[in-house]
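Going by the order they are written in, the chains are A, B, C and D; count residues from 1 in each one.
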Amino acid sequence: MEKIIINQHKKIKLNDPILIEGLPGIGNVGKIAAEYVVEKLKMEKYADIFSEYLPPQVFMDDSGVVRLVSMTLYYKKMPKAKDLLVLVGDFQGTTQEGQYELSYFILELAKKLNVSMIYTLGGYSIGKIPENPRVLGAITNESMLKPLMAGGVVFPKGEPGGGIVGSAGLILGLGKELFDLKGACLMGETSGYFADPKGARVLVKALVNLLKLKIDITDLDERSKQIEQITEKMEQDLQNKPQKDDLGYFG
Amino acid sequence: MEKIIINQHKKIKLNDPILIEGLPGIGNVGKIAAEYVVEKLKMEKYADIFSEYLPPQVFMDDSGVVRLVSMTLYYKKMPKAKDLLVLVGDFQGTTQEGQYELSYFILELAKKLNVSMIYTLGGYSIGKIPENPRVLGAITNESMLKPLMAGGVVFPKGEPGGGIVGSAGLILGLGKELFDLKGACLMGETSGYFADPKGARVLVKALVNLLKLKIDITDLDERSKQIEQITEKMEQDLQNKPQKDDLGYFG
Amino acid sequence: MEKIIINQHKKIKLNDPILIEGLPGIGNVGKIAAEYVVEKLKMEKYADIFSEYLPPQVFMDDSGVVRLVSMTLYYKKMPKAKDLLVLVGDFQGTTQEGQYELSYFILELAKKLNVSMIYTLGGYSIGKIPENPRVLGAITNESMLKPLMAGGVVFPKGEPGGGIVGSAGLILGLGKELFDLKGACLMGETSGYFADPKGARVLVKALVNLLKLKIDITDLDERSKQIEQITEKMEQDLQNKPQKDDLGYFG
Amino acid sequence: MEKIIINQHKKIKLNDPILIEGLPGIGNVGKIAAEYVVEKLKMEKYADIFSEYLPPQVFMDDSGVVRLVSMTLYYKKMPKAKDLLVLVGDFQGTTQEGQYELSYFILELAKKLNVSMIYTLGGYSIGKIPENPRVLGAITNESMLKPLMAGGVVFPKGEPGGGIVGSAGLILGLGKELFDLKGACLMGETSGYFADPKGARVLVKALVNLLKLKIDITDLDERSKQIEQITEKMEQDLQNKPQKDDLGYFG
């Protein structure tokens, strides 16, 4: 079989579209944010992407109907603005080769659809639950630094150490070197310990700022508060735990 | 070498055949059930499939004659009914790529042989020995829900969590998305701890119901009872074991 | 690069040649035996085989001159008998794909050179040092059973359980199914704990018997005796070890 | 995508060039040495090499601008001497296939650029910090032994045991067997525990000797001294550490 197969649902013509990528990753903040945008903007499906670089697996809905794991590209025509494409998916490519091939495939598709700018979304793990998560940025061209900073994106020197691993970084890197495509990576700070709506919330806010989107983020506010309450409760429980428990092992 | 090689033994013309797939998996219930159908219906070999996606290994018979690991497709012409194809094998594909490529290969073959419906067989591990194992179902099309439920197949919401991994799921998923083929996955409940004829038995019973097959399941009844006796004995032994045995290590 | 590259050193025409394969494996007995045959028969190099299925590694001789890891095929024209080819090498293919591709490559080469019979050599681990190691056999055709048994090869039912993994088995299996080539696998019993000349010695003796070779096995006798003395000494040391040593941990 | 992609920056014609390879490896001494040569000779970029055999990763500069991981080939035209090419990179190929394919690609490029001699740089781990690290050598042709020894390179028999693994060895081995290219591997002794400028320093000195380069190694002297001071301090701290510290966990 072809290693990557696209099932195109629509023939569309887009106006200078912007591509937002949000695949699973650290704290799943990129995926949560991208799916939130798709839902709130009521975006339509453009294509499903199947690949042997994804796990050999199906998911089932409540009627038991299977769905092969995939990536999906959604689109929305935006009146008086650049059109929007959002890529979401069940998994990133599971191998190094898969990472490269899938990112390259997305970039070829983006080029064909005349994409002029790419935002990749990811998480940045800080190893503890951030009170006020920031959005860290990475860019393909220095000219993008000022507009992004104006949109609240932070560029701390030397972070993230080790660079960006996976599709959020690779799509930028391959896009820059081999497709002459501009892009930015937005990374929401997160503990990375669980699927984190708080980290996703700041990503959506950043996209709203940068792209002048009209998206109500109340739902993410709500989910973020729930997570906060759960983690606060867990911390209190830990503090109230009688000390001798810690010595339980020694009787 | 070609990554998948088929050795076809017969030229056959089948009437609207149904394909049953039963490869090794959880509790081996799919494999045991499919091999039981092949044996009881005295099916004939249609083709052997060799592949570098299978382990580099041979098995030997009692005379020391080697046999390369393979998948094998059997067929039977059924008077006044749809013909039958059954796929069994020594292994599933051992890599993600192998899983996709072998499933795709089977589906191409199925399409060529005018297969109209696929049943994939698998196990569903419940982590303990089930007294009365159920058959859980997954389907490619919602229209199949009622006939399957009428045949005793259960569709509990949210199960199996995480979907179906491996060929039993993938053949359905790829068949649906890329070959427009209808199919259902039948999963026999099993502990998953050992090769389980009890889980296989309910799968064969479900196939008998759904396809109006004439298969005597006495042998599987027998093997299921033997397994039951063994596991009951093990449980009793565990209960009767004097407590000090637990301290045996310290003498 | 081509995944497998052959550097042919000679153009030769062989008379109905027999191929002996001895690559590294359990106790390295196949490799030791095959290299012994090459040395004692003063065989000439026919070709080197390089491949990215082998480790990315060079070895060095005493002058520091590097040699890329490889497999090597040696030949010898035998007056009044079938000619001989022996395949030795630094490694087996390191992946499943590599195992299949390299075995297939060898078989294509064997077919081109009109090989009529293949002996693959391997070890059979019995988990302890065998006093009088036997040679176990596996065959592609039942007709070979009697001649091999006449040559001292043993065919115990159900052994080796799990069949034969790796090139010694795969060359037989692929040869039988896809090249219509006859072959036998000879497995020398060995502990499998170290490179074992005793296991290799019985393999060479079996080949001498079966192929009427004139090979002096005195050197292997010598090396086997040395190994025996070393292991006997180790056993004695173990027995003489004062018992309280065993309690050293609690002491 | 192509598995290896080259972005060529210049069209150049070189005079009988020598290729020096210094990729990451043991103690990173090869990489540090090669990058030092590039810096001190103010070499110019000839080409970037991207590949899915490298990790799916980008690095960022202080402005947050991303750079896809790569290998880079630098060149310098040398008046009255053979021209120079130096290959550096962020990573070696991460798989066995990647190792072979990238080395082969480099060799094809070297052949095209009329390279007549290759020096690969690596580290040789001796498991402790060497006081006066030596440079060990490996060669493709025995004729190179004397000139290299005259340049201070050491050829101890039987070292490195196990040969040379990775690109430093593979480029020599493939170059010799498949491209008829001469080469030598220079290995700086190092502990292998950290990026080691001392091991790199002796490599640069060896290159200066062998190729009559004019390179000021003062900076590497400085960095080597710093490392020496740090490690000396660590050793003293270890010796002065009060014994009860060892029981800190229970204290």
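Definition applied: a contact is a pair of C-beta atoms (placed from the backbone, for glycine too) under 8 Å apart; a residue touches a chain by one contact, two chains touch by 3 or more.
Quick caveat: nothing in here was measured; it's all calculated off a predicted structure.
Seen as a C-alpha superposition, chain B sits on chain C after a turn of 90°, to the nearest 5. The greatest centre-to-centre distance from chain A, using averaged C-alpha positions, is reached by C. Chain A and chain D have centres, each the mean of its CA atoms, that are 37 Å apart. Chain B and chain D have Cα centroids separated by 53 Å. Across the assembly, chains come into contact as A-B, A-D, B-C, C-D.
Within the complex formed with chain A, the residues of chain B that make contact are 93, 96-97, 99-101, 103-104, 137-142, 145, 155, 157-158, 160, 162-167, 169-170, 172-174, 176-178, 185. Chain C contributes residues 1, 5, 7, 48, 50, 52-60, 62-69, 94-95 to its touches with chain D in the complex.
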